[in-house]
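The next part holds the structures, each set out as structure tokens.
Two complexes are shown next, each including chain A; its partner changes from chain B in the first to chain C in the second.
Up next is the complex of A and B:
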């Protein structure tokens, strides 16, 4: 059981690249530098004021070992503390949590976290299949699409969720993306278009699936004293919880009622004093790798009862003007630079709490949650608030 | 540090050149279950787990995924530090100091025998300008050794003496992979790998794992009568491009050591520190790192070994465990430095025990030519 940290910690700034499928104009370290600059600009701070940096990506995607060494100069942690944390899809939230722990420990006052991926310089599925056991699961459960297809079918079968309901998630999130200057896929879609898009593996169609993006995200975490000095409206970290699971997909129920997310949200809500998630949370940035996942994880995160994810989107609750907007940023379906993806969830939740959302701002956000997903069906949850 | 983090338990595998009968989850299970058994705890007693491995050396994307059952992270909080183990110790300590968790199981593993050191270390370099030159850890460290020898007049014999000392110390360490009684002449005559580094001056390829339990002060006191406190800990990162550094100077290490000493209230490390476990992937590094950590003036590392100060019975024993030259796999190596220093402070170092150790220092590094440096000052619990 995790507790709330002894010291208050706040997010005071965020910076993102404008995410694209390919960034041939910059190399990896230049791309990271871009996010770092934007983050420092957002904070009106200089790198001299940062005590250390935590950084991560998925090394096999670009084929570079110990990438944190190459980026030391360009990301600004030369002669500072630099640390690499990496946990697959959850890398971004693992890094954000590391930023939180760094400052909460009292050993650092201001820490920058950086997540990045330049997927155009590698082959994502080739990198990803190395996660699966070479003997038992590499041939069947190793890529993202196959395992989501298998578990989405189980989810539909269990609760009568329809492909149309899932398609609505793609329409909603890629429509929201128009309001986010950093988003990669901005699309005006109809449910019909999603249903008619190319079938990848039943029931997952092209438009049900997240893209591969090039991009980076940086954030600054600060102690209470420092945060109050540099930021008029910081996003305070109230809770952070991680849950990992068994290495074999076949041992897990996977998408439907994701037990790591269930356990992590329960603990995070307890720490943050959230009793009725739908009422107590003002905006959510959920890591939705495919449309079906967002519906299922509404249920798991307690926004509705088991099997009611389809109904929740039908009733419009999670749209921009609904009771609990989910993924105003456009979500993972719009942007997926993997090492950054989960951090973007936290950054976007922080942006909402800090009232910096521009066209994607949800009115009156006091409390937001962000989730990370990855690894072997692992989950991270962070709760942010306007007050410490 | 306001609160204190203590090391309460340690378990290592024997380090061996090729553990063909154990997969790396099995190594992780061995050290995790043993360290719990020895400390009289179960995984439920520990709030979180930090693993330490790399995707490249494991040949597995998300290398911590494979060991989740083995280290007990199923439905628990776990994270992975993909660097030298000394940085993982730092992160584990931070997460405890945050107040979010009381304790941590830390596990490092690597089976170097299943990877190719040249290919993996070559993949660390800039893909556009440097990889094509064939750079790897060995060849760049050879450049550093040459620069260091040239600038300060360090001799090949002085470097060879480090190998003689550490390989000899390895004979007292039951976990060591390569323990030898060799002469300076034999080291000098061993196969040349990359001038001036010879085979007996370079770390051997080895497999193994190391686990450690850390806890906040009151828990640590409850769980063991011989806690070891982390009194100071800091890391610094140098420039990536070798041409941007003078490789005979170790600025990142100097800054990390200064910070760790400041935290631990140490003003004269040579007098106040009783024992050092440092990361000697290559023999010259022991001399260079001793300078960086302020145990002697710049360029005076050679004199330290000539005068016998760093021998097991010297004024400042360095690597009584035999060091990395006696065989610890990459990433695990830094965890073992902290573990061996802690075992000395606990009085549990067996035949390699040095008497009267009150304060010890452990050092780990990561990246080309010691780019990233981490320094840990440990204190005997009273």
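Up next is the complex of A and C:
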């Protein structure tokens, strides 16, 4: 199963809007167009050089179910290959994987992927409840917050993880966000402030949870021949894996043992030859919708053993100056325009590999991973590298 | 073109429209048993013996068609829980859902999966992992998961 693509593929450019809680100054199509322009500028390419576009968002947030119809002209795929992909929280990584697979297949040489969300135009929690099964889950579940909270109590109970350890993730990521010009929430926080923020659903407090944002992200995937022509330092895609699981929240362990992430990282590491993730990976952009998720998924992604996520953050390993910085961009805790969120993880990982991170750049990045999370606890993983 | 947002319009869309979902064979049987006999039924995979609740047509692990119903009883253990206390719009009613409420995952005896439902105790602050929980049924049952009002902690 686990194998490298026969054709090398690289990410040659990224473009992001400056993410905000509300962008009333632009409509959806204008916001998408902004990210597309920035991406083309980053590549110094024109839309004519793009063979096809893959676009998506999480449709029930805005109630806009035909983004591919509305945006074909402004997103650059008029009378050209264009597809929509929408997989909930993982939409952004599904799009990135699709961009990779398109080019790896040999059918396309350059593909643009675009993820977007305008959270401010709809109801986020109501939208997430709509994602749940109408007979079994809608009456009781309360979107991401309640689901993470109920899993977090189980995670804390199983391993003795503390609210203080979780709070450190919020302090770290929102502090990192100051270095990212695109990030939505930039905050200088203390653990105390996180612990004292408003209780949403025990043990999740306001500052433990990601925000809702308006924003878009675009990327260009290119074949080796094309990549070398347009980019001096591209980010090569080494592995791209997706995993799905059973349908109901009660079937799964979101924290403590997210087996989709375990399975996806195991396969991706095998393909990439990663044996000791903590040492072999230089930076990680982990999709962390809440603080507890980042701690738990350190474990699941193999950065430490089961139950050691709290100790890992205590030791400072995942801070900017640690052995494996996690979320130099500020992560999902700082920016969450859902259809773009997972793609931003891939874009930020690519930016690190391409040495384009500016103030958020981690020194000497050879290998980066990005993850996506969504839906009924499914996961995507991509491994990027400086060399093909 | 103006670069400032002040004079830009916001269009509102408010509409009601309904959906009708087929419950399917498995859920229809489950809800019939719940309504008529207050039984919570799981379905067993004949190959790996996992018991699923909610019931479903196939075991995802073995891809066997599930056919064997099992009565799971009305008691279980609290695996994880929270007390939801933030206000949010409930898409089922179009209004804010009443808060606070206990929400949790219950491990019914023998089941390989957990059932999510409302959970409660004499005081919501007394909820904790590992508590024994018992289903409290609605008097007038209609054949939906709401026929179970909530799972109540069995306290000494």
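Here, the second predicted complex is superposed on the first by the 386 of 388 C-alpha atoms of A that agree within 3 Å, B and C clash if a C-alpha of one lies under 4 Å from a C-alpha of the other, contacts with A are read in each partner's own complex, and residues count from 1 in each chain.
One rule holds in what follows: contacts are C-beta pairs under 8 Å (C-beta built on N, C-alpha and C of every residue); 3 or more make two chains touch, one makes a residue touch a chain.
Here the structure is a predicted model, which is why all the values come from computation and not from measurement.
Of the two partner chains, chain B is the only one that A:84 touches; chain C does not reach it. Within the superposed three-chain model, A:65 lies in touch with chain B and out of touch with chain C [touch as defined at top]. Taking chain A as the reference chain, the count of touched residues is higher for B when chain B and chain C are set side by side. In the superposition on chain A, A:263 makes contact with chain B only, not with chain C. In the superposition on chain A, A:131 makes contact with chain B only, not with chain C. Using the contact criterion defined above for the overlaid structures, shared-chain residue A:24 touches chain C, although it does not reach chain B. Of the two partner chains placed around the shared chain by superposition, chain B and chain C are both touched by A:247. Shared contact residues of chain A with chain B and chain C: 63, 127, 129-130, 133, 245-247. Remark: chain A residues 24-25, 63, 123, 125-127, 129-130, 133-143, 145-146, 149-154, 157, 198-204, 245-251 touch chain C in the complex. Those residues of chain C lying in contact with chain A across their complex are 3-5, 8, 10, 13, 19, 21, 23, 27, 52-54, 56, 60, 79-86, 88-92, 97, 103-106, 113-118, 129-130, 144-146. Residues of chain A that touch chain B in their complex: 1-7, 27, 56, 58-60, 63-66, 68-73, 77-88, 94, 97-98, 100-102, 104-107, 127-131, 133, 240-247, 259-260, 263, 374-376. Residue ranges on chain B touching chain A, taken from their complex, read 1-3, 25, 47-48, 54-56, 59-62, 64-69, 73-83, 87, 90-91, 93-95, 97-101, 120-121, 123-124, 126-128, 233-241, 244, 251-252, 255, 366-368, 371-372.
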